[in-house]
Amino acid sequence: MKKFINKPDDFLNESLSGFGKAHSDIIKVSLDPSFVSRKNKTKEGKVSLISGGGSGHEPMHGGFVGHGMLDAACPGFVFSAPAPDQMQAAAEHVDSGAGVLFIVKNYSGDIMNFQMGAEMYSGKNASIVTNDDVAVEDSTFTTGRRGVAATVLVEKIVGSLAENGGSLDECKTLGEKVNKNAGTMGVAFTSCTVPAAGKPTFDIGDDEMEFGVGIHGEPGRKREKIQPSKTIVGNILDAILDNLKPQKNEKTLLFVNGMGGTPLTELYLVYDDACQILQSKGVEVTRSLVGNYCTSLEMQGSSITILKCDEEILKNWDAPVHTAAMRWGM
Amino acid sequence: MSVNFLISQAKNIQKVIDENAPEIETLDQNIGDGDHIFNIQRGLKLVIELEGTIKDLPLPKALNTIAMKVLSGIGGSSGALFGTFFISMAKSPDLDKDVDFNKACEMIIGGVKAMKERGKADVGEKTMMDVLIPVSEKLNEIKNNNSDMKQGLNEVIKIAEDRMLSTKDMLATKGRASFLGERAKGHIDPGARSSQLIIDTICKSVINQ
Amino acid sequence: MKKFINKPDDFLNESLSGFGKAHSDIIKVSLDPSFVSRKNKTKEGKVSLISGGGSGHEPMHGGFVGHGMLDAACPGFVFSAPAPDQMQAAAEHVDSGAGVLFIVKNYSGDIMNFQMGAEMYSGKNASIVTNDDVAVEDSTFTTGRRGVAATVLVEKIVGSLAENGGSLDECKTLGEKVNKNAGTMGVAFTSCTVPAAGKPTFDIGDDEMEFGVGIHGEPGRKREKIQPSKTIVGNILDAILDNLKPQKNEKTLLFVNGMGGTPLTELYLVYDDACQILQSKGVEVTRSLVGNYCTSLEMQGSSITILKCDEEILKNWDAPVHTAAMRWGM
Amino acid sequence: MSVNFLISQAKNIQKVIDENAPEIETLDQNIGDGDHIFNIQRGLKLVIELEGTIKDLPLPKALNTIAMKVLSGIGGSSGALFGTFFISMAKSPDLDKDVDFNKACEMIIGGVKAMKERGKADVGEKTMMDVLIPVSEKLNEIKNNNSDMKQGLNEVIKIAEDRMLSTKDMLATKGRASFLGERAKGHIDPGARSSQLIIDTICKSVINQ
C-alpha cells in the first residue's frame, strides 16, 4: 500500500491532529470522541450545523467547518459512519441554545448512528438527509439514493442562512430544498485503497470506467469502456437532467467535483465540456465550483452536480464563508 | 450467561472471524464499501480489551460497558446495530439473578427486536436480519417448547446457514447493497455472513460445553 | 490512458477554456498565444508579476493569478516551457508602466524561453529564478537546482509587495530572498502520465518510492523501499535543514504540498509528522500551507518546503490574496 | 538551399523521427521529462504545415516564418534552441542571392553559434550541442578547404553518430539531466540523438541528390 501512513490504526487521529495544527486559526480538533469544531463558540441564537460521515472524503466535512458553513464535523473511520457519541459530544460542544441541525448523507450506517446521536442529545435538534446521487434508481421500497457531492452545497447554503439568523425549521426547509434541487452522478477510472484494507476496493481494467460510481468505490450503473470526455460528460448530464428536469433557462450552479486522484486540468476540461453541453440544452450556468471537495481517497474520477438555483439559494451561496477548504467574501 | 462467558465467546468469535476475514472483506467490497470486516474485527478487539475492566462487574454493568464500547468504537451500520443489540441486552430485567439458557434466549430475542426497530429491516431485505430474525424466532420456539437445547442449537446453526445463503439471490432493499439494484444479486450479504459465523461459533461452543 | 480528455492536442486549450469560464470573476484566458491574466487591468504604478512554465502543475501558475499574487501566467504544453511570444504578449497585456518581473523556475527550457520573451518585450523588466529543490546537489559547474514548490511562496509574497507599491528592484530583491530562504524536497509513490505520451513517465515497483523526485517525474536522489511516513518525513527534513541551517527557534513556514494524487488526509498526516520532528529540532513553525499547489499531474507523493521567515516575509505572506487557488483576507 | 529544400527536408526528417520516436521518448524519460519527442514532432508538423504559406516567399521571409513558428509552437528547451537556430539563419546576409553549399554551411555554422550562446552549453555537457558543435566545425573545415562535398558529408554523418554516442557516459552539466548527477550516466542525451538523426537524414539526402 502506497500511502503516507505510520500505523493504519493511527491514521485517522494523526491526520486529524495535523489538520488541527494546520488550521488552528479556524478550527480545533477534539479526539475521543473525535470531532472538528470552530475555533470560536457559536454565537447566541445561531442554529448549529453538524455534519459528519466516514473519513476518506476530505476536505468534506472537516474542511467545511467555520464561519458561514458548519459548526462541527464528526469524522468516522475511513468509509465508516461516525459513532453516536461523537455527534452527541459535538452537539453539546457547539449548541448555543438555538438548536442543532444534523446534515446526514443517506446511508444506513450514517442514518442509524446520527439517529442514535440525536436521541442521546438532550437539546433541540433536527436532521436533513441528502440523497442526490441520480445513479441510483430511486424506489419507495428501498433505502433510496446515496447522498454524495451535493451535501457540500447544502452545507454551504444552509450555513449561510444559519449565520444570518435562520431558525432551525427554516434551515431544515432550505436544506431540503437544496437537496431536492440537486442531482449528481460520478464516474471512476481507478479504485481507491482503504488504509485498513491495504489493497484496492475494486479491480478495473486498463480501458474501463465505472459509470455511476459511489463515493466509497461502490459499483455504479455499469462498467463501460472508457470514452472521450465529451461522451462521458454528456451521459452524466443526460442522467441528471432527466431527473431534475430544469425549466428552459433556469439558473443553475454547475459543480465539477474531483474524486481525489484526477488533476485539476482534467476537472476544468470536464467543466468546459459540461458548459458547452448545458448551453446547447438551454440550461443556464450562473455559478460554478470546480475542485476536489467530496473525494474518495485517491480514486481517479469526477462527479458532476447540477443545482437549480432560486434567489434564496443564490443569495446564500454567494454569502461569505471562511473554512479550511472553502473561502470567499471574507 | 456470565461476563466470563461473554469474553470467552468474543475470543472464540474473533478466531473464526479472522479465519474468514478475506471472504467477508470481499463480500462487502462486492456489494458494499469493503469495511465490514474491519468494523467487526475492531468491535471484537475492543470488547476483548475490556476484559480487565469488566471481569468483576455485575452483568448489567458489564453489558452496558460493552454496549457503549461497541457503539462508540465501531461506527458504520454494524456499530449502530450491534450497539443497539447490547444496549437492549443490558436493559433486560432481572439481570441480577442467574441468567439461564431461557433467560439468555429472551435477552437475544429482545436484542434482535431492538436491531430490527433501529434498522427497519425485515427478512428478505438482504441484511444480517435475514439471519438474525429467523434465529431469534427459533430461539423463542426452543424456549417456549422447552425443546432439547443441543438439538435446538443444531437447528439454529442450520437455519443461520440457510438464511445466510438465501441472501445471495435477493435484491437488497436496505443497506448499501440497496443502491445496486440487480447488480447486488449473486452476492451473499456480508453482514449476514458475519452474523451467521458468530451464531455458528456460539452455538457450537455451547453445544460442546 | 485514463483521463478526461477528448484529443491530446486539444487538452490544454479545452482545460484553459474551462478554467476561464469557472473563474471569470477573477481571471480571463487568452488563447494564441495563451496566457491567463487578471480580469481587471493592473493598476498604474504597480509592478506586474508574470510567471509560467509547463502545464501539469495546476493550480500553479494560472490558479495564482489575481489580487495580491500574479498578474499573468503563461502555460506551456504539459511539462514543456512556454514559448517567448506568450511571455511577450502577457507582458504587453498587463504592464501598467511600472515594469514586469518574470518569475522563472530553474530549468534550461524555462530560462531560455523567458530570456527570449524578455528580450522581445520592449518594456522595463527583470527576472528571478527559483531553485529550491535540495534533492539536487548544487554545483557551480552545473545548471544548479530545480525550481519547485517554493515558487508558490515566492509568487504569494512578492505578489503582496507589488500590490503595495514595491518597485521592480524591491520585488526582485524580496523574491530572491524568499527563494534563498526556502528548501524543498519531494517523494513520489507513483508516476504520472503525460497526455501526449499516454503512458506512465516511469516504472516503479509496488513497494518502491522515488526519493527526491522532480515535479516532472524526473528521477530523484534514489529509489528506495517505501517507509513509514515518519521516516520519510524525517529524511526529507534532514535534507532540507542540512541545507537551510535555520537558527535555533527561527520562525518558519511549513508547506506540505501534494503531487496531485495523494489524499488530503495523508498530507495532513505528513504535516503532523513534520511539526513533531521540527519541534524536536527546535525549529518553530509559525505559518502553514497544506494542499495540492504545485502538482505533477496525478502523481502520488508529496513535497515539503520550509521557508525561513523574517518580518517582511511574514507580513507579505499574511496580506490579502484573491486567486482561484489561494484566497484569504478578502 | 531553397524553401522547397527546407520543406522536403522537414518531411524526410519527420519520417525518420517518427520511426525512432519510441527510442527518443525513452531517452528523455530516462534523464529528462519525457516530452522531447513530442516537442520535435510538433515542431516538424508545424513547419510542414507552413508549406502552403511559405512556398512562394523569398527565402529570408520563409526562414523567418519558420523561426517564429518553431519558437512559438514548440516550447521547452528544443523550442528555444531550434527557434534561435532559425532566427539566426533568417538573419544571414545575402539571402536574396543564390544559396550554394558554402553559403548553407555558413548559415548552419551561424545558427549553431547562436544556439550555443542561447543555451550556454559547450561540448562535453551532455546536450545536443555535443553533436551540433563538432558538426558545425566540420562543415567549416569542408567549406574552408573546399573538400569533396560527398566525402565531407559522410564524415559529418560519422562525427554526429560518434558524438551522439559519446554523450552516453557523460555527466550532464546543462539541461534537465544535470539535476541527476551520477544517475545520468549510461544514458544517451535525447537532444543529441534527435539532432544526430536530423543531421544524418539531411546529409544522406544531399549526398544522394
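Letters A, B, C and D mark the chains in the order given here, with residues in each chain numbered from 1 onward.
Heads up, the rule we're going with is that a contact is a pair of C-beta atoms (placed from the backbone, for glycine too) under 8 Å apart; a residue touches a chain by one contact, two chains touch by 3 or more.
None of the values given here were measured: they were computed from a predicted structure.
We define each chain's centre as the mean of its Cα atoms; on that basis chain B and chain D are separated by 75 Å.
Chain A and chain C have centres, each the mean of its CA atoms, that are 29 Å apart.
Mean C-alpha position of chain A lies 54 Å from that of chain D. With centres defined as mean CA coordinates, chain B is found 32 Å away from chain A.
Chain contacts in this assembly form an open path, with each chain touching only its neighbours along a single line.
Of all possible chain pairings, those that touch are A-B, A-C, C-D.
By the touch criterion stated above, chain A contacts chain C in their complex at residues 2-7, 11-12, 14-19, 21-23, 55-56, 58-59, 63, 189-190, 206, 209, 226, 228-230, 232-233, 256, 260-273, 275, 288, 290, 292, 295, 297-298, 300, 302, 327-328, 330.
Touching chain B in their complex are the following residues of chain A: 33, 54, 76-86, 107-109, 112-113, 115-116, 133, 136-137, 141-143, 145-146, 194, 196-197, 201-202, 214, 216-219.
In the complex of the two chains, the chain B residues touching chain A come out as 25, 29, 31-35, 38-39, 42, 68, 71-81, 83-84, 118-119, 172-176, 178-181, 183.
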